[in-house]
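Look at the two complexes coming up: chain A is in both, with chain B in one and chain C in the other.
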Partner chain A sequence: MTKKKVSGTQKRLIPAYIFLIIMAFLSVFPFYWMISAATNETLAVARGKLTFGTYTIENYKNLLAQTDLWGAMKNSFVYATAQTIMAILVCSLAGFGFELYHDKAKDRLFGILLLAMMIPGVATMIPLFKMISKAGLLNTVWGFMLPAVSTPFLIMMFRQNSRNFPTEIMEAARIDGQSEPGIFFRMYFPIMRSTYAAAAVITFMNAWNSYMWPRIVMTRNQAQTMPMLIANLSNGYKVDYGMLMMGVLFCSVPTMVIFFVLQKQFAEGVAGAVK
Partner chain B sequence: MKSGNNGMSVKRKQEAAGWAFLTPATLLIFIMSFYPILQALFTSFQTGAGVKMAWADPWYNNYIRMFKDKLFLRSVGNTFLYLLIQVPIMLILAILLAQILNNKDLKFRGFFRTCIFLPCATALVSYALIFKSLFATEGLINHILVSLGILQQNYNFLGNPTSAKAVIIIALLWRWTGYNMVFYLAGLQNIEYSIYEAAKIDGANGWKSFWHITVPLLRPTIIMTVIMSINGTLQLYDESVNLTAGGPANSTITMSHYIYNNSFGTGVANFGYAAAMSFFVFILVAILALINMKVGDTRD
Partner chain C sequence: MKKSLVAMALIGAAAVVMAMPAMAEEHKLSVYAWDPNFNIPALEGAAADYKENVDPDFELEILTQSGSSDVETAVTLAGNAGDYSELPDIVLFQDHYIQNFVATYPDAWVAIEGADIDWSDFGEEKLSYSIIDGQHYGVPVDNGTAIFAYRVDLLEEAGYTIDDMTGCTWEKFIEVGEAVKEATGKYLLCMDGSGNDLMYMMMQAEGGSQWKDGEPYITENETLKKVMEVIIEMGQKDILYLGNDWTDYTNNTIQGDMVAGVMNGNWIIPTIASVPENSGKWELTSLPTLEGGEGYAANGGSSLYITSNCDNVDLAKDFLAKTFGGSKQTYDYALTNGGVITCCLSAGESEVYGEGIEFWNNQPIYADIVAMSGKVPIIEQNDYHYQLRTLLGAAVVNCINGSDLDSELAGAEEQIRFQMGL
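Moving on to the complex of A and B:
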C-alpha cells in the first residue's frame, strides 16, 4: 500500500527529474569540457574531441614557457589569503561591536555604512587608483586588498549571526575579570566559528576571482594574478585552446577545491546576510 | 562609594570598547567608499588625466558630452538589454529550481543542488574564456550544430552583434542561476514544510502552491535577489572584456567596460569624463535600489 503510494509520487516527479537532469548537465558540461580540453591538442579541441587526451604535459609545458604560472598562482594565493584574514577580522570586530554593544548612535552609523553597498566599483576606481598610487601601494598586497577589506555585506553577515550570541556569558566573563577584547578573542571567535568559516570562504573566492581592480593596481608583471594571466592568454590572434584551458583549469582548481570541501560554508556565505 | 565609581568606569570601558571594535571597519568604508565617491563627483567636473587635470568648461561639460556620446549610449543600451532579458529568466529559473529541489520526495537532491550550484566555483574570467572557446568559430557548439545539420557551415557567433549578445546572456545565465537558487533554497527553509503538505491535502497542485505559497513567502528574498542582480548587471565588466572584448565593433560593450577603456584602457585616458560616466552608473544603481526597497515596503 505505502510502496504503491511512494512509486506514484515518484512517477509524478518524472518531469521534475528530467528538468533537473538537463539543468545539471548544462551546469556541469562546461567544466567537463574545460578539463578535457586541457588534456588535448588545440586542433583536437577545435575538432570537437570530448574525451580525455594525452596532450596534458605539453599543454602544461607550453603554459609554463609562455607565462609565469606559478608566480601568478603564488600572488593570487597570497593576496586572497591576506584579504580574507584582514576582512574577516575587521568585519567581525565591527559586527560584534554593532550588535552586542548596540545603541541608537551605532544603529544610525550602521545604516550609513550600508549605503556603501550602492557604490559601484567602477565609480570609485579612479579616485582609489590615485589614492593607492600616491601612497606608493601599487603592486603591493595592500593596494590589492585595502578597498575590499571592509564590506557592508560581511559586517551585516557578522551582525545578523551575532544575534544568536549568548549575552549572559559576556556578563559572566566580565564579572570574572575578562577584558572586552578578551571576550571577543576568547569567546566570540570560537562560538562564531561557523560564521567565520562561511565568511572566509566567500571572501577568499571573491578575492581570488577579482579582476578589474587588480588589473588597475597590479601593473607589474611580477604582481600579476591568475585571472589576469589567463585573460592575457586569449588575447593573441591564434588561440591555443589546450593551453588556454590548462590555464583556466589552474585558475579554477583552488576555488573548486574550496567549493567541494566547504560547500555548506560557501552556500552559507553566499546567502550570508539573509537570515 | 568606591565600588560605585568602579562600576561607572567599567561601563565607560565597555562603551569605549564597543566603539573601538567598529572603528577600523567604519574608517575603511569612509576612506575607501564614501571619500572616493565624493572625489569622483569632483573629478567628473574636470577633464584630462594624471597631472594634467583641469576644470571642464562649462563645469558640467562631461555630462553633456556623455549624452551625445553614441558609444556611451550604446553601452547603456547594452547593459539594460542584458538586464531586461537575463535577470527575469535567471530569477524565474532559480526560483523554479529551488521549489523543485525543496520537495522532500525528490531523490538525489544534494547531487542536483551541487551540480547546479557548481558554476559559482568559477572565476568570472574563467567562465568567460570557457564560453568564448565553446562559441568560437572553430569551437564545440559550431561543431555540434554543423554535424547535426542545423548549420551549413561554422558560424562566427562572436562576430555578429545579436548572437554575441545572446552568448553573453547565455553565459550569464549559466554562471548566476545556481547562485540565486541558493538564496531561494535558504528562504524556503524558513517556510514550514507542513504548509505545503496542508496545501496538498487541500488539493493544491505544484503550480498552485508555487504561486500562492512560495512566491508570497519568498518576497523579501526575491526583492533582495532582484536588487543584487540589477546591481551586478549594471556593473558587468569581466564578461564584456573577456568574452567578446566589447565587440564586434563595440556592439556588446557594457558601461563599466567603456568607462574602464576611457580611464585605464587603450584609448586616450580622460579621468574627468570617465568619472562623469561612472557617477551616472552610481546614480542608476542608487535609484534602482531605492525603487526596489520602496516596492518591498509598500507591499508588506
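Moving on to the complex of A and C:
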C-alpha cells in the first residue's frame, strides 16, 4: 500500500524533474561550452565543436602574448575589492541609521532614495563623467568605485534586514556604556554577518562584471579591467574564439569562487536571517 | 664650497628630472584604436617606422578599445560634457560616421592641412569621407574596397571559371549561381542578414546611391529597384544565403563551407583564409553589374584623425604624413602583421604587395585590391547609412518571403524620413 503511494507521488513528480533537468542543462551548458571552447582552436569553436580539444596551452600562451592578462586581473580584483568594502560599509551604516534611528523625516528621505533607483544609469553618465574628470579621478580606483559606493538597492537591503535586529541588545549596550559607533561595529556588524555576506557577493559581482562605467573612466591600458580586456578580444575582423574563451574562463573563475565560498551566507542574507 | 657644489649639483639634477617628463611628452603621442589583430599591429608598425626613420625618441601609446563604437562613445561623451581633455591625441574613426561627428562636435577635431602628404596618391572615394568643407581631416588606414571571392574549384565543377565572372552581368551571375547550386549544393553568394550591405555595394558598383541631395532616394530610384529585384531573385532561387547574424555569416556560412562566393569589404579576407584546407581554392575579382562590366565598391574602413586635445599637432601631423601618409615600410608591416591593405596607390606597388598568395591560388591579391581601390566611384553618403541599411535589409527578407517590393520600399522610405526628421 505504502509502496504504491510512494510510486504514485514519484510519478507525479516526473514532469517536474524533467523540467528541472532541462533548466539545469540550460544553465550549465554555457559553462561547459566556455570550458570546452577554451581547449579548442578558433576554427573548431566556430564550427561548433563541443568536445574538449588540445589547444589549451596555445590559447593560454596567445592570451598572455596579446593581452596584459595578469594586469587586468589585478586591476579588477583591486577595484572590485575596494568597491565591495566601501559599498557595504557605507550602505550598512545608512541601512542601520534608517531603520534603528527611525523617524518620519528619515522615511521621507528614504522615499527620495528609492526614487533614485528609478533613474537609469545612462542618464547620469555624462554629469558623472564630468565630475570625475574635473576631480582628476579618471584612471583611478576612486573614479571606478565612487559612483557605486552608495546604492539604493544595498541600503534598502540592509534596512529591510535590520528589522530583524533585536533592539533590546542596543538598549543593553547603551546601559553598559557602549557608544553608538561601538554598537554598530561590535553588535550590528557580527549579528548581521549573513546580510553582509550577501551584500558582499552582490557588490563584488557587480563591480567585477561592470563594463560601461570602467570603459568611460579607465581610459589608459594600464587601468583596464577583465571585462574590458575580453571586449577588446571579442570585436574585430578576425576573432580567435579559443583565446577569447580562455579569457572568459579567467574572468569567470573569481566570481564563481566567491559565490561558492559565500553561498550559504548569501542564501541566508537574501532571506534576511539574523544570527 | 663643497656644500655649495653639492647643492648646485642637486638643484641641477632636480631640474633635469623635472624637465624629463616634458621632454618625453614632446616625442609622445597617444591614439585610440581597436582590433588587436588588425589596426593595432598596423599602428605598432607605424610607430616603429617613425622611430627608426624620423625621431628616435618617439613613443606612441596605443589605447586599446573594444571596437569603433567605444571611440564614438568617448567623443560623444567628451562633446556633450564640453570637456575634450581626456581624448587622446589621435583617434581611429570609422569612415561612414566621421562626417556626422565633425558636424556635431566641430571643436573636437583639428584639420590636417599643411601636412606633407601627396593626397593624389590615395583613392578619391576613400578621401571623400574625410574631406569636410574642403579640408582634409583624416589620414586613411585601411582600404575598404569590396572584393568578390570565388571558390574556383566549385566554379569549375559547374563548368565555369573566374574569368566568366569578371565583369559579368547579374543576370549571368544568377545563371552561374543556379548551375553551381545544382552541381555542388553551395550558394554562390552570402551576406549577414542583420547587417545586409549587398544593396549598398551593388549600388556603388553602378555608380548610384540611396541618397540624393541629403535625402533618401528610394522609391523613385530605378537602379535601386533593379538591384533589389536581383537580390530578391537570388534569395528566392536559393543562390543567396542570408545568415541570421554576423557570427552565422562568418562561422557557419563562410568557414563552414556553405558557399562558393563571398562579396564584401576586403577585410573579410582573414575570415575566408582561416580555413587552411581551402588553400589554393579561392580567387578574387571585381563585382558584377546590371549591364555588365567590372563593378567597384567599398564597404567599411577607417582613418586616423587628430583631436583638439592634441598638444603637439605638428608632431601628430608629421607622424601621420610619414607613416600612413605614404610610407611603404608602414604599409608593408601593416599588411604582413595585421592584414591591413593600404589605399595609398604607390605603397601598393611594393614587392610585398606584388607577391602571389598561396591561399589565393598564387594571385597577387593585395596589389589587385589596391588597383581596384583607385576605381571605386564616389557616391553620395549620409549619416543615416546604417539605419537605411537595416530598413532595406528587412525589406529584402520580406520580399524574399513574398511581400511586394514597391510597398516595402515605400515603407522603408517613410521610416527613414521619420528617423531623419524630414
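Methods note: the second predicted complex is superposed on the first by the 262 of 275 C-alpha atoms of A that agree within 3 Å, B and C clash if a C-alpha of one lies under 4 Å from a C-alpha of the other, contacts with A are read in each partner's own complex, and residues count from 1 in each chain.
By our rule, a residue touches a chain if its C-beta (ideal position, glycine included) is under 8 Å from a C-beta of that chain, and two chains touch if they have at least 3 such contacts.
This is a predicted model, so every value here is computed, not measured.
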For the overlay on chain A, clash or fit between chain B and chain C? clash
Quick one: is A:261 in contact with chain B, with chain C, with both, or with neither? Answer first, second, both or neither. neither
Once the shared chain is lined up, is A:252 touching chain B (first), chain C (second), both, or neither of them? first
Which of the two partners, first being chain B and second being chain C, lies in contact with A:125: first, second, both, or neither? both
In the superposed arrangement, which partner chain does A:234 touch: chain B (first), chain C (second), both, or neither? both
For A:66, select first, second, both or neither according to whether it touches chain B, chain C, the two together, or no partner. second
A:47 contacts which: chain B (first), chain C (second), both, neither? both
Touched partner set for A:215, first chain B, second chain C, both or neither: both
In the overlaid three-chain picture, which partner chain does A:133 touch, first (chain B) or second (chain C), both, or neither? second
Residue contacts with chain A in the superposition, chain B compared against chain C: B
Which listed stretch of chain C (73-81, 343-351 or 397-405) steric-clashes with chain B in the superposition? 73-81
Interface residues of chain A shared by chain B and chain C, listed 46-48, 125-126, 129-130, 215-216, 231, 233-234
Spell out the residues on chain B that touch chain A in their complex, using ranges where they run on. 10, 13-15, 17-22, 24-26, 28-29, 32-37, 39-40, 43, 93, 97, 100-101, 103, 105-107, 111-112, 114-127, 129-134, 136, 138-140, 143-144, 147, 174, 178-179, 182-183, 185-187, 221, 224, 231, 234-235, 237-238, 241-242, 255-256, 259-260, 263-264, 271, 274-275, 278-279, 281-282, 285-286, 289
Given the complex, residues on chain A that touch chain B span 9-10, 13, 16-17, 19-20, 23-24, 26-28, 30-31, 33-34, 37, 45-48, 50, 90-91, 93-94, 96-98, 100-103, 106, 109, 113, 116-131, 146-147, 149-150, 152, 155, 174, 180-181, 184, 205, 208-209, 211-212, 215-216, 226-227, 230-231, 233-234, 239, 241, 244-245, 248, 251-252, 255-256, 258-259, 263, 266-267, 270-271, 274
Of all residues in chain A, which touch chain C in the complex? 42-43, 46-48, 66-67, 125-126, 129-130, 133-134, 138, 215-216, 219-221, 224, 228, 231-238, 240
As the complex stands, chain C meets chain A at residues 34-38, 61-67, 70, 73-74, 77, 80-81, 83, 85-86, 88, 250-252, 255-256, 267-268, 270-271, 274-275, 339
